[in-house]
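Presented sequentially are two complexes of chain A, the first with chain B as partner and the second with chain C.
For the complex of A and B:
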């Protein structure tokens, strides 16, 4: 009798451990899914389809993205060796300009989203870092593999880099920013970023 | 006495023999061996602390072979591609920019308005099916027998059930994905670096290594042999470019919009993309 209940107790304990381990292992992917689903529901929302509602829709999408993307980390990695020399005000200004640049770039893509399939392929966790491999299936017989790189901050997983077909966004901007700073100056880079914002 | 042209016969013979050889080759391959050759996957050293000293634990390597890249120290110089010909490359970049907006995009837009997307994707599939030998030979040269087998199977299936290559039942029904390989990648796998960046007019971004690969690929491309007249060959290739452009209108505009320096952005995208393709074999 006692033996039975011990075995039962032990197996329930193992089962719970197993489930929680599964949940824990799937966390970064879950977070990405959460954000993607949230954005998709905003885009699909019939109440927000009207062009007059565009600013509100953008605001909602932006706030959903802000929850998942670590803009400061991305900005730091994009400026690379030029980050340390910046004053706190310059850093703040740069993070804002950079995140606005990225927002303008992805916003039009997100709004054009026509419901391509998103396949969550694989996830790798290495301590506080994770990679989630996703595939966007388009109707043109071309699949787009996207890797999200996340870092654990407290209880949350935040994205610090996105690689599309193996091309890292952060590294690409790092190359561009580095080229502009070495050829001209950091001030010139900020000027270019501001000009770009005006273009729209 | 008429001499027979044996090239098509040899080609067909090869197509029949290769899947047999590949199946035989594949059954002796360790399924995980292809995943992480130790000298090619970066980041494997970082996994050493997990106790993965060697490939004796194939299961763990299989799930952790994506380099997680914890921290790129900011001072660490980013791997880059040499660009000693930058002024010429930039000039060609401007040329291609004009060519796209003044010629390619208008023609492709008109074409797109008339021909439905499914047909244009079919054309893309058809050309892709034709260029199987390029991918097949590159797989073999990289000792990727599984990939070579996949490409052969795809060719046979798509040529027969896929209406001479217009459809892709190998992918939709049998989940056999195209193995995008070429000679440039093969040279990369052998250890040849890109050497320097070349931005060709019309053809676009490339490197010295990849240009040599492209020339080699022309010898493997059946179109070179099937089309006897030079102007017709050019015409066919131009049509291919228009068809592809019609399916990717907007991509170049997005690049220009998202980049502060489109020339550098394109160069870096090309470089990262090729490095990744070589790494993933």
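For the complex of A and C:
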């Protein structure tokens, strides 16, 4: 009898532990950690180090990033007031071009990162929004502070903006896109993005 | 009688001068005497870089409002902005603290968003970008590539 109650007590304890782990797993910091660890393991994977495996490696990194980044939200925020005027086809095309632009800009930096240390510093949750402050420590002992801004979508937390060294990515592109569209046109912006895509 | 008129004229002239001086100091000091016009919204920053109350708020380089006050709350800077009531700010607008030139004064820039929801008076703008320490960035750039 006593044995039974101990077993029951222990299993309840395990159950509670399991549930709390599940709840905890849904937190924004943990989502960012999952994705970061996944990418770091791809970067560090010796089987993918070979130059001939580079496209394969890039594809794997990209798919890991795709899981965590809300490209549509990022593109929408970057185009800001010009987003509403686009047709659904234009929006789709733009999201594609935009995510490729970011891939080209940041992929080499991700690939070069040797992953000395990643510090998860602070998390602030405000309703459906959260900010996760991360510090990437590079080999030269320089810290790169990165803030991920996430939004809750269903049960998932997705990134909609990234601040590196305190500079917001969305704000940067919002300014650039805005000045190109007002000076020239939306078509001109798309042309520029396509030209950049073909450079490599 | 003639003397009295002269004294009256001088008195009026001085009073007019004082009124002009008062008007000028209110205008130049950007003081509000007839209560507040417009509405107030606020934002949190991790670093204001020495932004002062009264600093301009700009959209596309156009002066649209003022920084009303800056307080410390939870070790973060809470910056209240005063904006004209006909100016709508979308909820995904980004408020950033910028510096005029390399060493110039600090001001607030709002880059408008595309959301249909607007920030109502007294509400908070979530997206912010604090002051970027140029000296720190330059030193990182200079010494980072060893």
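Here, the second predicted complex is superposed on the first by the 170 of 200 C-alpha atoms of A that agree within 3 Å, B and C clash if a C-alpha of one lies under 4 Å from a C-alpha of the other, contacts with A are read in each partner's own complex, and residues count from 1 in each chain.
As a convention for this text, contacts are C-beta pairs under 8 Å (C-beta built on N, C-alpha and C of every residue); 3 or more make two chains touch, one makes a residue touch a chain.
Everything numeric in this text was worked out from a predicted model, so none of it was measured.
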Open item on the list: Quick check on the superposition: with chain A as the shared anchor, is it clash or fit for chain B versus chain C?
Closed with: clash
Task: More chain A residues in contact - chain B or chain C - done: B
- [ ] Examine A:81 and indicate which partner it touches, taking first as chain B and second as chain C; both and neither are also allowed.
- [x] both
Open item on the list: Just to be sure I read the superposition right, which of the two partners does A:129 touch: chain B = first, chain C = second, or both, or neither?
Closed with: both
- [ ] Have a look at where A:101 lands relative to chain B and chain C in the superposition and call it first, second, both or neither.
- [x] first
Open item on the list: Can you tell me which of the listed chain B stretches (8-16, 134-142 or 206-214) runs into chain C once everything is aligned on A?
Closed with: 206-214
Open item on the list: Show me the chain A residues, by the header's touch rule, that chain B contacts in one structure and chain C contacts in the other.
Closed with: 76-77, 79-81, 83-84, 126, 129, 140, 149, 165-168, 171, 174-175, 178
Open item on the list: Under the definition above, what is the set of chain A residues touching chain B in their complex?
Closed with: 76-77, 79-81, 83-84, 101-102, 104-105, 109, 122, 124, 126-131, 133, 139-141, 143, 147, 149, 165-168, 171-172, 174-180, 189, 192-193, 196
Task: Interface residues, chain C side, partner chain A - complex - done: 46-47, 90, 92, 94, 96, 111-114, 126-127, 129-133, 137, 140, 144, 146
TODO: Please name which positions on chain B make contact with chain A in the complex.
DONE: 46-47, 50, 63-64, 66, 68-70, 72, 74-75, 78, 80, 117, 121, 124-125, 168, 171, 177, 247, 254, 257-261, 264-265, 267-269, 272-273, 275-277, 279-280
TODO: Give every residue of chain A touching chain C within the complex, in rising order.
DONE: 76-77, 79-84, 126, 129, 140, 142, 149, 161, 163, 165-168, 170-171, 174-175, 178
